[in-house]
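After the structure tokens below, expect a handful of questions from me.
Going by the order they are written in, the chains are A, B, C and D; count residues from 1 in each one.
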Amino acid sequence: MSEDGIKEYCGLFGISHHPEAARLTYLGLYALQHRGEESAGIVSTDGEIMFAYKGMGLVSEVFDEEKIKKLKGSAAIGHVRYSTTGSSLLRNAQPILVDCAGYRVAIGHNGNLTNAAELRRQLEEKGALFQTTTDSEIIVHLLAHEAGTSFEDRIMSSLIKAKGAFSLVLMTQDLLIGVRDPYGFRPLALGQFDGAYVLASESCAFDLIGAKFIRELEPGEVLFIDGKKKMKSLMLPRLSPARDAACIFELIYFARPDSTIFGWSVQRFREELGSRLAKEHPAGADLVIAVPDSGNSAALGYSRTSGIPFEIGMIRNHYIGRTFIQPTQDLRDFKVRVKLNPVRQIIEGKRVVVVDDSIVRGTTSKMRVHALKQAGAKEVHMRISCPPIKFPCPYGIDFPTSEELIASNRKVEDIRKFLGADSLGYLSMEGLLDVAKNHHDKFCSACFSGDYAVSFDENAMRRSKDKPRNVYYFEE
Amino acid sequence: MSEDGIKEYCGLFGISHHPEAARLTYLGLYALQHRGEESAGIVSTDGEIMFAYKGMGLVSEVFDEEKIKKLKGSAAIGHVRYSTTGSSLLRNAQPILVDCAGYRVAIGHNGNLTNAAELRRQLEEKGALFQTTTDSEIIVHLLAHEAGTSFEDRIMSSLIKAKGAFSLVLMTQDLLIGVRDPYGFRPLALGQFDGAYVLASESCAFDLIGAKFIRELEPGEVLFIDGKKKMKSLMLPRLSPARDAACIFELIYFARPDSTIFGWSVQRFREELGSRLAKEHPAGADLVIAVPDSGNSAALGYSRTSGIPFEIGMIRNHYIGRTFIQPTQDLRDFKVRVKLNPVRQIIEGKRVVVVDDSIVRGTTSKMRVHALKQAGAKEVHMRISCPPIKFPCPYGIDFPTSEELIASNRKVEDIRKFLGADSLGYLSMEGLLDVAKNHHDKFCSACFSGDYAVSFDENAMRRSKDKPRNVYYFEE
Amino acid sequence: MSEDGIKEYCGLFGISHHPEAARLTYLGLYALQHRGEESAGIVSTDGEIMFAYKGMGLVSEVFDEEKIKKLKGSAAIGHVRYSTTGSSLLRNAQPILVDCAGYRVAIGHNGNLTNAAELRRQLEEKGALFQTTTDSEIIVHLLAHEAGTSFEDRIMSSLIKAKGAFSLVLMTQDLLIGVRDPYGFRPLALGQFDGAYVLASESCAFDLIGAKFIRELEPGEVLFIDGKKKMKSLMLPRLSPARDAACIFELIYFARPDSTIFGWSVQRFREELGSRLAKEHPAGADLVIAVPDSGNSAALGYSRTSGIPFEIGMIRNHYIGRTFIQPTQDLRDFKVRVKLNPVRQIIEGKRVVVVDDSIVRGTTSKMRVHALKQAGAKEVHMRISCPPIKFPCPYGIDFPTSEELIASNRKVEDIRKFLGADSLGYLSMEGLLDVAKNHHDKFCSACFSGDYAVSFDENAMRRSKDKPRNVYYFEE
Amino acid sequence: MSEDGIKEYCGLFGISHHPEAARLTYLGLYALQHRGEESAGIVSTDGEIMFAYKGMGLVSEVFDEEKIKKLKGSAAIGHVRYSTTGSSLLRNAQPILVDCAGYRVAIGHNGNLTNAAELRRQLEEKGALFQTTTDSEIIVHLLAHEAGTSFEDRIMSSLIKAKGAFSLVLMTQDLLIGVRDPYGFRPLALGQFDGAYVLASESCAFDLIGAKFIRELEPGEVLFIDGKKKMKSLMLPRLSPARDAACIFELIYFARPDSTIFGWSVQRFREELGSRLAKEHPAGADLVIAVPDSGNSAALGYSRTSGIPFEIGMIRNHYIGRTFIQPTQDLRDFKVRVKLNPVRQIIEGKRVVVVDDSIVRGTTSKMRVHALKQAGAKEVHMRISCPPIKFPCPYGIDFPTSEELIASNRKVEDIRKFLGADSLGYLSMEGLLDVAKNHHDKFCSACFSGDYAVSFDENAMRRSKDKPRNVYYFEE
């Protein structure tokens, strides 16, 4: 599904009280790279000075030994970022760092504020000058304009004004702070390592550095870790009746399979989706294959429950670079084939179940089906381990507009025809919720249902996307 | 196994009679990238002039649209190259192109000549000046010093002097030539596409461009494709009794699973290895996992035959860059974990069979076992889908010296202890040959048996490696 | 003198009403490159959107055809910047561009505010967040916090708060604005070209694009050029009694010889300095040579008045790169010699007058004298075309601290001994003012006299330099 | 004159018996940079191994501290290279280094062999494979094919076959060798430094490192410096009657003014040319200006003899980058003006003598005259310090073809009209020889006279230039 381009996620990491803070942050970001490939940044502090470095590209490209050495101190936060092309600029890279009268603060953000435009307007009226188009900058301006006797007070009264999805890591000279919004849209977990406290979007970052997973932050929790390693949690007010809205799409597609988020093993969750999918949409087929790697777990689950053997039917090319020279017109769907090549010797003459995690625009799936048929598949039965995606996401997943979502106004049979598949089965909403409900009943599944936990002005969002930008830093 | 570093393979591609020759060569090399990540090069011809571009790095890094456009003409050959560090130089990149009195020729080579040092000495005595340390340059010098009325004659009388492993693609202004040495150590196949003839090391390159696989070249075959698309095959003399020696390690590890080489579907071959392995070395375990991606097929075969469920127990990080900042000492085996992270939720408390394709030095495998235990595995049963590697390879695979090969002078039980595994099972030589024999009985398996098809002077090879180099281009 | 490092100047350019606005700005910056080699930037506008590009390095390195093409519109401003190492960061590059509630403004600044720290503190108290350490950002924050019914009002009431040296170019969607502070420390001129209005720090930028020089802006003038090409000038209040303070060091050293600034031909001014110097400090010598290129004009003047022949006695190496590999200790003063090599055949056995524009630390001059003696000069008579530099400059020239200025607490005879020269003559203050007074009597010569037109807190400046920075973007 | 593009010179440096051999070579090349800006290379030896590094670009760009450190040993040779665009390739960079049976040799070449094509053909017939299009490679192939009991014999019998212009530095593990061809077309000098022997194309390289100039090599001299610092000179046979042919254009334009070559101080020589020019072509003018920097010395000589004051009438922009964004059509001769801007305040209303060293195609000179007129010059009197260039150079200076040389078939009056100058005076052949004859009577001035010392086949040279290349490495 990756080619269909669900972007605009981010990954967060934070650590305090460790002499190798920046190095461990680098490693943590490495593990979280899948959450944002566009830019990476780290800010560290030695308790007095703050050190910052950000750059465009992968973590391994942005940082080197020399840079890590310059990021001194025993606390650090880091950020990886995805974004839509338009604002793909170094100036929008995070963490954002400001040096204000009386304090310095660095902040990294994952999510999307639904009242960003309104907050920005209010702040600009007070004389705030914005240098970026990021929600993170809104939060630092809120902080700067907030009166308050303590930094703690200012944080709380600032965050109360933010609406929508926000997991945050913040750092001052003597505090490391983790935040999850009152709905808990995005994940954030707490770990412990070698006497240090660690925050990370996903637990796979803990595994890499060998840290122990302690717990996920609660929705609405603002966790302060001070210079003496004391922890204190304050809660942002919840709406009544309180409702959680953990993004179920993190479990379906985005998170790494070896992570634990929202209380679930991601891989187990996906296997169960596949298992349920096999019950809902059985197929008379010779083998089950996955669209690797995101469909692997669900395909295994499907195979196990259906009894149809699992095979490796597509080979992923690990060398896909940023730029790919387009072949001429006659050689279309190359771009798809160059990434995943069907294994003719496995597929030829067979009835194949293909399990994928989701369909967004449908164009890539269509080309996959075509490639499988060309490789000799007798029948291609598409199975999707989530319901049809029909609604845009205002909370941080950059789905295309409703018009571009293939399922927004088409029946499943029409989609099947478009794809050229012999059959097509989506997991039902009940199926998805059944799997999820066993353990947890508080997910946001608005992209399937349109049932939004936090209201937002879709027209405003659309306008904001369509509006010609006033200022165009075309590169820097 | 990749971290254990089997290097020094190469990938070849050639095409004639297509207006997009260089572009298709680029795509073909893309599919063959796994055969050589160090440098890439393409030479094309418009029938008069030859155009060349080579660079260090991946195909996607070396070439861009502008460069492809400058590689004019309707015929082209391409090359990707791996090598040991010492000679990792642009000057050694291929294809090699020479403009001689009367002709121009470009050549790409996969393999290793066993009489390279001797040939080079003879040529230098005749006044030949060598610019590189590659075997390919030896072949062009042979050509230059060969008398002969026709280019065809010169090719044949030159190649007759070469001993060892060599698959070649050659190109003059009006000929495209494919060569496999008389033992057929390395693969080379012929395909057809859109009226053009195509040569490639592996059939996966045909799949990518949509070409039709025709056949593999015979051992000893020298295939000429001329400007009128006429094909002619001459044969290099075979030793008597003729014996093939196709490198079985291509099937075990090196080739892409979606390729067909030496008459085998690579993936099916590996599944059968895994299946046989399950019979030879059963295990009382809860699940079977692979060391991805090279162990995947064998693990599936093992699971299927043993009935123990297959699971995804390690997650591969797709973002491994060239340089990786080392963590501090306390955090060892990071480098291993950053590439493949065990999925704790799958492994914890379980008895696990881990299937890998081979063990070279053993250090990486040891760290994998350790990581799995740390992730909570109750028992770790290593299963290797080939026999113990005991002997170096003079035919193009850069195994380390016997001293460094863990199996060269250790019993399996000692290796098991070194790895820290609960049990260890290698596929037997009989098992391997059984699987291979069903379809083909002419493999070289000298790395397991020490039975070398073409004799070579191990001391000379060792001296050549140990000898201080006279000339040190430290970069260019 | 260049090696002695007088830095922290900047160059400004602006143009409106021309379809090639960005391209002409690029060319204008090219001509102003000597005013700032560290970073370059251009902001353009099509009347609606603003387009910006900034980068580290020379104008020719930062921009290329593609970037110029993206800087659309018929108005543009540009900036080149020098700075001390510490803040040598892309984020400090100019012009600064902000997109505020109700307006967008870009600004480029040349000079140094003496009340920057105070203004910044006041603004931060109101919640302003600073992203850079530049004075320009202070001005945009002043604008953002200024109430006012019109943009014009806001500009005027903002600028009234700024103290010290500031020449500015500003641009909104429909205005191009040029500003000189009430003392006129830094130059700024108005020109006309092909129906367009042009602003530039020096007239050499007009010459390059073929624009006609109209006049210099008056001290205190704020010149508005609107969308209909109407010009309006408002005046910032002058102190009483009004006093101009044009930086005489621009004429002595900094400006390009082919520029006209402060009413003077720079080259003629320097020739007159040399001529006067010959009268004040004659020398019994065989020839006059210059420290090229900055001493050339004064040396010619000296030669003409003294009658001693002018010769080219040092050759400038045009290939000095950014980084220069240091020779070993035994080969000192290489760095000096590699830039300017004495011509032994001219100098050997001769009594030489060497004319330089100024001496800052003295170390480079000492090495020059040594090199001349080594090349065989019998006597070396240093002549300096300005008085001894004794005082730091708070208005934008980055002289070192008093302690490092060789003349701040040393007699001329002591300096002569330090340099190893046979005689040393500085132009007298009277001589300098005589030359200047003929045409203009309103210069700032505080670096020689300590008579500062605008008071400043030297301790505060020093503290600000010594203070450890709170935030350290070590690169970006 | 530089824009008119006389290219294809090279600079040589060599040193033996110094622990900092590579570093000093780097510095020497720095001083010789004007002889070749395209590529730079150094080969060093520790008596056993040879270390090599070459790259495209300026010396300061190609080398850094790390690379210099890797160039170990106490002997080194270096090379800077200019070339025509076509062969502007890293593979053609020098020194060339070969590792042959029995010996290793590195070689750097300055000049042009007139029998290169013939030698190459003969060598290719013997099986030699050429990797470059350089004359240097011909020399190493000659060496490789030469029988001979000693390396000394082989050198001598190889060089005897070379015809045309060649100054060479060669290095083996234990020898440093300097060579000047029997006509002495190109310079090469011997110096001494800190116990080491040094070779350099021009003495300015000695000045930079502080070496003592000993003497120039004799035409035909082959100077061997062995491992024990013993020197031995052998002579290549001279033709009878012996005739020297030192390139007078080195003195007129190419060499650095602070060098001594062919027994002359370059700067003094140029001053005398200017002086003689004033006598031959007086002008009723107000001032004399130079086209800087190459016309400076002659302009001074002209001013001194004519009594017309010397002024700095054009300012050279030191920031010209490799790429320059072209202004639009309306703004022509920008490219000329951006390099040298006339000083309007000096020139306006004046009758100006402009002294330049030479005219090649004439297009740049035409634009200079135009720019001076636009800057207000009342009259422009061009004076050229050499005779009209009418003939191509087969000995290493890349003049354009006769057709493109403006003087090849035009009268002086026609050239004057083309340039738009009020008068034009070239130095006469007699004048040039008079100046030269005073000290030396053995120059090659074939570019003015057509009197070639070594015959060559102009048609062959032309064909070789026109011939489509067979092999096109468009980059590497």
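Just so we're on the same page, contacts are C-beta pairs under 8 Å (C-beta built on N, C-alpha and C of every residue); 3 or more make two chains touch, one makes a residue touch a chain.
Bear in mind that the values here come from a model prediction, so they are computed numbers and not experimental data.
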Inset, instruction - Work out the mean Cα position per chain and let me know which chain is farthest from chain C. - result: B
Legend entry - Chain centre separation in whole Å, for chain D relative to chain C (CA means): 37
Inset, instruction - Quick one: report the Å distance separating chain B from chain D, using the average Cα coordinate of each chain. - result: 49
Legend entry - Inter-chain centre distance, chain B versus chain C - centres from mean C-alpha coordinates, in Å: 61
Inset, instruction - Any chance you could list the residues of chain D touching two or more other chains? - result: none
Legend entry - Pairwise chain contacts under the document criterion: A-B, A-C, B-D, C-D
Legend entry - Complex contacts: residues of chain C adjacent to chain A: 48-55, 67, 70, 90, 97-101, 104, 121, 124-131, 140-141, 144-145, 468-476
Legend entry - Touch list for chain C against partner chain D, complex: 20, 23-24, 26-27, 30-31, 33-34, 37, 58-61, 63-65, 68, 194, 204, 207-210, 256-258, 260, 265, 267-268, 293, 296-297, 300, 304, 309-312, 315-328, 330-331, 334, 337-338, 341-346, 374-375
